[in-house]
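Letters A, B, C and D mark the chains in the order given here, with residues in each chain numbered from 1 onward.
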Amino acid sequence: MSAGQAKRFVPAAGAFTVTLPIRFSQCDPAGIVYFPHYFDLVHACLEDWYEQVLGYGFAKLIGSGHGAPIVHAECDFTAPSRMGDRVQLTLLVERLGRASVTYRIVGHVDGYERFGAKIVTAFLALASGKAVPIPREIRAKIEAYQGAAQTSLN
Amino acid sequence: MSAGQAKRFVPAAGAFTVTLPIRFSQCDPAGIVYFPHYFDLVHACLEDWYEQVLGYGFAKLIGSGHGAPIVHAECDFTAPSRMGDRVQLTLLVERLGRASVTYRIVGHVDGYERFGAKIVTAFLALASGKAVPIPREIRAKIEAYQGAAQTSLN
Amino acid sequence: MSAGQAKRFVPAAGAFTVTLPIRFSQCDPAGIVYFPHYFDLVHACLEDWYEQVLGYGFAKLIGSGHGAPIVHAECDFTAPSRMGDRVQLTLLVERLGRASVTYRIVGHVDGYERFGAKIVTAFLALASGKAVPIPREIRAKIEAYQGAAQTSLN
Amino acid sequence: MSAGQAKRFVPAAGAFTVTLPIRFSQCDPAGIVYFPHYFDLVHACLEDWYEQVLGYGFAKLIGSGHGAPIVHAECDFTAPSRMGDRVQLTLLVERLGRASVTYRIVGHVDGYERFGAKIVTAFLALASGKAVPIPREIRAKIEAYQGAAQTSLN
């Protein structure tokens, strides 16, 4: 988080990017974002991608009897963010498995990385709590997105 | 998060453990803890360890002109937790660097792991935002804790 | 929130009181608790009262097909609280209606009020979303608590 | 929160309105927004109004040595909101005092009220913690807004 290690990040044209404001409520007594809130931003980006790219909101997903809980999450906090910043979050699909998806979600401002997260979600049937294959309709849309956005993953 | 992969976790006698309740407010529409709240529990455990083991609260740390922001955080969500659960969190020091500390914090119930997190904090001077060596007084106490708790890290 | 208006609060012996720590995560860039978190503390107190006084946890309540959503909430923030404070919350039943309960929950430290909240919860059947009378078993326990704690409401 | 008491709300043309999505993270195991999050939405509306109408962000306010803590907050929860809803929040200035402002902030969807909040903020000097008159520049802008939006307060 020190100067001199600024890290460039420029998303490819086909990659999904959403802009979210840093709120007063997300900042701590040291004046910077309290780190669990970054994961909240990351999940908000995932929700918006579901809605706008897959055309399949989280409410519909849960209504269909499926859940997509996070089984792993990690994040490098490259540079701090402060109240009033507007952070862009770009979502990339790193790996599409049979029953799980690995996402890379990068927060950036003016072409420089603020944080880089990886989250893994597993599909499961809510009734049994057991892993199930990704529904065909969702898989097809994720593959289409990978085609459009893949050049931006390096 | 499926049955059959239950993972045992039993902390060593010298390890710091705090018990925290899972609140209604931490659970999502699928009935389980919304994952950023696990990082909030992890940070609460770190705060309590500072206060009770190091004898040096976060308020005092920030008052002394230092910050200890999280530069990396990750977590495996081994088994879900629900409203009403009482989760035990055990803190282990995985690595004590010159200016950073790596913690392993495990959430467990009845001897089984619920989640296993790793967080890295960097010491810095709040005024300059630059990394600084861990203050001597804090380092000595962390080393003493490592001696007492180390047998539990495997 | 200025000096000179410190307000005494001493709960009666029979009143339910829980002590909760003010966390780093609850404080804002001005160094004091961000106000929605006070309502979170108020709800935590209500949850603990259900569990410890009524002997009937929220998980059980929702499992029984009932909900008790908040239909009104208000709070006066008498004096600020800061990271590291340990606030006591005392719950009083102000009014027990046919299908709703009005609670007064006061946050205090060392005999002085920090905040005074009032919340109204309505009982409803989760399936229909319609108001229902308070279940007899819960009503009897609330009445018993009122008898024990009433002298402290003024 | 039952049917039959739907309450119309249509803001006047000059009133500030912001649209915010209801996130997965804001909903509880009963599937509706956990009530402290409504106050978070209310504060987000206030922040956006400061930025977009007063042209004076919260970061700048705190940077100028002032704070505007909430001294009173209340809310009626008229109808529940769920994940995926997009709620409009309209801000009205109910009273402009010497050192405090009372806001009425209404959440609504398709012309019907979801919640109606009132919050009172007091201006103070951060260094002394004492109440101070509202800075002249801010007062003038609030008065101008009242003139433009007043017809919508009834």
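The rule is short, and it goes like this: a residue touches a chain if its C-beta (ideal position, glycine included) is under 8 Å from a C-beta of that chain, and two chains touch if they have at least 3 such contacts.
Source: prediction; values computed, not measured.
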### Query
How would you label the chain C and chain D contact, same or different, if same means the shared numbers make up over half of all numbers there?
same
### Summary
The angle in degrees, nearest 5, through which chain A must rotate for its Cα atoms to match chain B is 180
### Query
Roughly how many whole angstrom separate the Cα centroids of chain C and chain D?
24
### Query
If you average the CA atoms of chain A and of chain D, how many Å lie between those two points?
29
### Task
Among the residues of chain C, pick out those that touch two or more other chains and give their numbers.
24-25, 29, 34, 36, 40, 43, 62, 83
### Task
May I ask you to sort the chain touch graph into line, ring, star, complete or other?
complete
### Message
Could you list, by residue number, the parts of chain B that touch chain D in their complex?
### Response
24-25, 27-29, 31, 34, 36, 83
### Partner chain B, residues of chain C touching it in the complex
23-25, 40, 43-44, 47, 51, 57-59, 62, 82-84
### Query
Which positions of chain C touch chain D when the two form their complex?
1-3, 29-30, 32, 34-37, 39-40, 43, 62, 67, 69-77, 80, 122, 124, 126, 129-131
